[in-house]
Amino acid sequence: MASLAATFGRGAMTNGWVDIKNADVVLCMGGNPAENHPCGFKWAIEAKKTRNAKLISVDPRFTRTSAVADLYSPIRAGTDIAYLLGIIRYAIETKRFHEDYVKLHTNAPYVIADKFAFDEGIFSGFDAGKGEYDKTAWAYEGDPKSKSYVVDETLENPRCVFQLLKKHVDRYTPEMVEKICGTPKETFLKVAEVVTSTGNAQRVGTILYALGWTQHSVGVQMIRCGAMLQLLLGNVGRPGGGVNALRGHSNIQGATDMAGTFEILPGYLKTPSAPLQTLKDYLEGATPTTLNKQAWASMNYWQNYPKFMVSLLKSAYGKNATKENDFGYSWLPKVDGNYSWMYIFDDMYRGSSMRAGGKEPGPEGLVTFGMNPVGIGPNSKKMISALAKLKWLVVVENYEIETAIFWKAPKEYGGPETAKIQTEVYQLPASGFAEKDGTFTNSARWLQWKWKALDPPNGSKTDQEILARIFLAVRELYKKEGGPGAENVLNVAWNYTNPAAPDLGEVLKEINGKAITDIPDPKDKTKLIRAAGQQLENFGQLQDDGSTLCGNWLHLGVYTEAGNMAQRRSPADPTGLGMFHQWGFSWPANRRIMYNRASADKDGNPWDPTRVGIKWNGEKWVGDVPDIKPDSKPGEYGAFIMNPEGVGRLFAPALNDGPFPEHYESVEAPVDNVLHPKVTSSPVTKKFSSDKDVYGKKEDFPIVCTTYRLTEHYHYWTQHTKVLTQLQPGFFVEIPDVLAQQKGIANGSKVKVSSARGSIEGVAMVTKRLRPMKVDGKELWQIGFPLHWGFAGLPEHTGPLANFLTPSAMDPNTWTPEFKTFLVKLEKA
Amino acid sequence: MSVHSLEIRRSSASLLGGATGMRALPDVAKYVDTSTCIGCKACEVACQEWNDLAPVATHQVGTYQTLPTLDAGFWNLIRFDEREVDGGLKWLMRKDQCMHCAEPGCLEACPAPGAIVQYANGIVDVNPDNCIGCGYCETGCPFDVPRFSAKTGKMAKCTLCVDRVSVGLEPACIKACPTGCLHFGTKEDMVALGSARVAQLKANGFPQAALYDPQGVGGTGVVTVLGFGDHPEWYGLAANPHVPLGVKLWKNILRPIGLIAIFGALIGTVGHYFTYGKKEYREEA
Amino acid sequence: MGLTRRTFVKAGTAGVGGAVALGFDLKEARAEMRAFKISRTTETRSTCPYCAVSCGVIIHTLGDKAKNATPSVVHVEGDPDHPINRGTLCPKGSTLRDDINNPNRLTSPKVRRPGSDKWEDISWDAAIAGIAKHIKETRDKCFVEKNAKGQVVNRNPGMAMIGGCTDTNEFNFLQWKFITALGVPYRDSQARV
Amino acid sequence: MSVASLDTHGADVAVTAGRDREDIVVGGEIVRHRRSSRFIHFAVAATFIVCLLTGLPIWTPFFTWMATLFGGLSFCRWLHPWAGIFFAVSSLVMFVHWAGQMTFEPGEKSWLSPKRLMSYLEYRDDNTDVGKYNPGQKLQFWCAILAAVGLLASGVVMWFPASFPQIVRELSILLHSLTFILFVMLITWHVYLGTAAEPGTFHSMTRGTVTKAWARLHHPKWYRQVMGLEK
């Protein structure tokens, strides 16, 4: 999501599931939605049936999506950037892009300062010692007097983004794409032609992607390519367009919105880092300033950051948060460096980490709620060895999972002997979705309340009760015994009617926020915007003086005085475009298509009158909830209100691995980089150096391997459900038929797949759906296997953990592991 | 006596009977569009769930297909077929289940009165009360659908969710189908839907697309859109299915002739006795 | 007659005599049909817990929520009104009943003591107390009030917390308060992996 | 008849042994079927009748009413194949038991011509040289054995249709029917001739003996052999 945020301003699926039906072209790349999101995929089929839309599947494997696609293009795993930059080049070369849109809604006309350069696979600002870029080398050219951007509307300035992009992608000719990706040139050109057929006002195309893009060492830049392509084609903000990240868990979006990762607080506010010692420092650093004084000013919505933050602190610390004590800012834990997934387990395995130049302990205790790190994390061997170093582990789950029984993992996983593992493990029985109420946020940002159907089974408890009871018990200990930083524990507000099992409706009210004191209307002091105690209704009512409380500003509007909006269930859709404004609540502000201002031209008229996102009726914007000030005239603000410059970014100076994407090979590279052999993999990608972190070379492991989910299973959850294990009765490895023939492997026989980290065995599924690849003139093979097996499921469903073979390598922006491309060798077992 | 919405149009092994025609019902049908099927198997398990069928034993043999063929506990199976056509790869998937023929071979073959019935809306159903598990329907079916259940000693197959349909709901498989490649309605509507889809496919790279509604069995209650209509066998469908000749011969020729012959033999003995009487020893004169 | 019975049509009058002569039993033939099993279940609207499409599901529970009835889930089906799934469900969603009623569900807290090779049952109170003690001990031991540069950081690197993507927003918010209170810096979820 | 009244040589042995030997004279009668023969015959007959009565209601709804005899069609369906197995086993034993006596002798084939058969049925034939079994009876035997084989083979297929290809299933249904029809016609006449048409015959299958007069009438050559009048 980092790439979408860097490009558009927010990191989430831009459009909605039903909206896919409005597309003329649906590009499925980096995802296999038919397999993983069948019920959402129906809207792609709907577009096919009702609008004759073209469905394109670009995938290393011929998948279930490919089976119903109009066009299938093979691609070598991990080379999507070359492919997409090839399409961008094709669009520019053939002028098949939406020029009016590009000039109006993107930073294509913006001039970049001359510090930016690119040479031999390295952007300017690279610090080889640290392995990092100095991003200030990629800044916009600023007019020092007016403090504004330098813009060339003709797109002809050689330093403008458009010309730089043109130059950057010039190397990605169809021949080069074939050389890198192994895709036959004719197939690539057919795909490019259909995709760019939407580069105009009349037609719209969408991109559906998922973890097939995310989980690479260059995953963020892959998604960036998709986002850039969509900007170039003018498809962002329009019904039927967008870059649609299809998320894999029922509430992965909600958990992220609610600070599911270390680097953010609820509502994508930044986790304070150690140098930001006061709230003032923090807010200054976090609130972007507007540089733009052009006709197209930006709303720069993030300028409201202090309101969001102070209201959050009021929610966190309640009465204890006062203006005098910076609203409790100092109690918030501050970070030094990286505490994400790979570091959790690396520091756990090492027992310590270096932070701000000092050695600090690593985790000796782990609490996991509904998550199975042994299955999920790459390099299972390291995972298990890391867990074995813990003093204590708490697993809250509905089923017994691999993590809970890591201490009796099969020998081949390389953990210490059971008797030597000193970890105390608690396994607490939790409750399923049907046994509790509350909201999930779907991929399209819809918050929907679900009602409880029955009580948890005897002996188990709801997760919120388990969490609350642990919290209260710890708090009680601090009350009684005190301890370092005891006030941080005691000051957190936990004012629920039933603190031991908070009512989720009450929590949702807190998330939405309310007025603590009366809030007078600044325009008319005799009136109140909100009276004390009233639920807030919109962002505009938030204050930065501590008079409002809000658990997550993004969700503002979900629980107002009118009630719980997430419970709304009206199937009415007057737009006919599948927006359903009266169904649940969609953040932000019940907006169904983000950046919808871009669906209209400079005068506020929709690019396509049959697919109106919003339009200007002379007084205000109508249609979807406008993603702009509702009464701001066309021309007043830019369409991308979260970006300070107000436009979508073709050139994004925000990411850690370059303002433009560039093709790099995976960390375990099957070939040298054709473009710049000296810089094969991304220069800023992260690897680890413990004894368990081993990486394979192409000479020893010549086959490219990828991992994926199956539609019959859900992660490591359904391995306990017999009716589903019946549908996919055993772990298998998909092998191209020609390769199988060469190796004498028969369909249904046993094979062994090994990476530098270990080997696993499975049943060979010999198929034509994987084909031989010609990469840079050489033959290259790809195989793959699904990830739903493990050692904790039903006896008939036990099998190897797919992640036994995956490497500890990751993207430098999101620190997401590279599950999708690694090297193996294949043998008969 | 209960009054139900569904009369019986035909009943197996019944000399008499049939719908009164008092209430006219349109035929219903399932629509299966193989060109938009993703083989997700939602229909497979939706069927099992609705009908409370226990999971069956399966084995990984190197295919996505759950089972080689239908099973007494698995009435709905997606068949997968990988095939190269004109240099391009096709992964064909088709939902296999009872076709609910207008002229059902199973019903023809069934010797148990009322064990297989065809309701007034065209649904062909096995009535376990009357089924004797003889397996004749297995031979009678041109689509190899009915299966003998060792657990019940009866035959089992798709009921077209007659319990749902009779209260106004679509079958479970249809409802589940994520992509909408399955649809349910009157046969007339499904044929219209299918024809429109076939026309669309023909205009979009599938010149051989066709609607599979074989007339050899009087049409089926499952209307299937095939991208490669000239090759139904690629989808595991018979090119020209009909009630098996053997069953027809048995039922329509051999059985009546046999009855006449047996009674003829009986009558013959009586005639013989009347004519010639006993052959017995008489005292020699 | 039960609602589930279905009446065969009476034989036409013609030929009845002949049939009687042959010994046919002309009592009404009936077909016993399966009951429509969800005609009086209680319906609860929910959301599928698997992927992020958020299919609406209707959970059918036995009983009418009367005081004396314990509900159990007999069927789960797609919510036909839900704009996204419109009643459809994938194979996982279609089998949610078997997730809810799964015999492998955990139903009692367990602990595995250091070095042990087996689980022991433990009461909820003992489990919560044990966990709280661990958390406190670890936090007290590992708490970093100031980093090496002397900046106030108030963090507890001795502990990590993961998960939440399969649970509600409200749970996740409570979880954020939890880690904020305890100063846990090591925090991640499925959003990353 | 009392034992005391027996006077013929060996008769006491035959009687005390339950008429265990054939082709001997016991008083005024001749033992035609020893006990095992009768036992086997009726084993075949009984299993056949069970098959018949359980099969007919399955075969055609015309006979559905018959199922009541066995408690319903489902039970018929269950019983029929097992009865069939017993029928087939009995027939096998019968084959072993009688095959030796049932070989056609030279010249017997002409007996089977329609003309001679008709004259046989019209009680006009010259049966001077008919031995213990006339060629019609021998034919009956072989037909019964053939029928048993045919019914068994097709029956097994019909019992386990899932294990056989479609064409075999269809052929089996036809073969089972056809064999049954022909066989049941044959059996109808067999029973008729053995009871109503030829008094005394049935007694040979129950008590084992026939009168000398019966023997002389129906099987003169055998009579002469038994009486020692001809070698």
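Read from first to last, the chains carry the letters A, B, C and D; within each, the first residue is number 1.
Convention: a residue touches a chain if its C-beta (ideal position, glycine included) is under 8 Å from a C-beta of that chain, and two chains touch if they have at least 3 such contacts.
Because the structure is a prediction, the values reported are computed rather than measured.
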item	value
Number of steps on the shortest touching-chain route linking subunit A and subunit D	2
Central chain (distance from its CA mean to the mean of all protein CA atoms)	C
Inter-chain pair with the most contacting C-beta pairs	A-C
Cα-centroid distance, subunit C relative to subunit D, in whole angstrom	69
Geometric centre distance via CA averages, subunit C-subunit B, whole Å	36
Averaged-CA centre spacing for the pair subunit C and subunit A, given as whole angstrom	26
Subunit B and subunit D, separation of their C-alpha mean positions in angstrom	43
Per-residue overlap in subunit A, given as positions that touch at least 2 other chains	38-39, 42, 711-712, 722-724, 727
Residues within subunit C bordering two or more other chains	24, 85, 88-91, 93, 95, 98
Per-residue overlap in subunit B, given as positions that touch at least 2 other chains	14-15, 40-42, 44-45, 49, 113, 130, 178, 180
Complex interface listing, subunit B residues touching subunit D	13-15, 109, 111-113, 130, 132-136, 138-139, 144, 147-148, 153, 244-247, 249-250, 254-255, 257-259, 261-262, 264-266, 268-269, 272-273, 276, 278-281
Subunit C partner contacts - residues on subunit B that touch it in the complex	1-4, 6-8, 11, 14-20, 40-42, 44-46, 49-52, 113-114, 117, 125, 127-130, 159, 162-164, 166-167, 172, 175-178, 180
Interface residues, subunit C side, partner subunit A - complex	44-56, 59, 61, 71-73, 81, 83-86, 88-93, 95-96, 98-100, 102, 104-117, 119, 122, 124, 127-136, 138-145, 147-149, 151-193
Footprint of subunit A on subunit B - complex, ascending	35-42, 44-45, 48-49, 55-64, 66, 82, 84, 88-93, 178-181, 197, 200, 204-205
Touching residues (chain side subunit C, partner subunit B) in the complex	1-12, 15-16, 19, 24, 28-37, 39, 75-78, 80, 85, 87-91, 93-95, 97-98
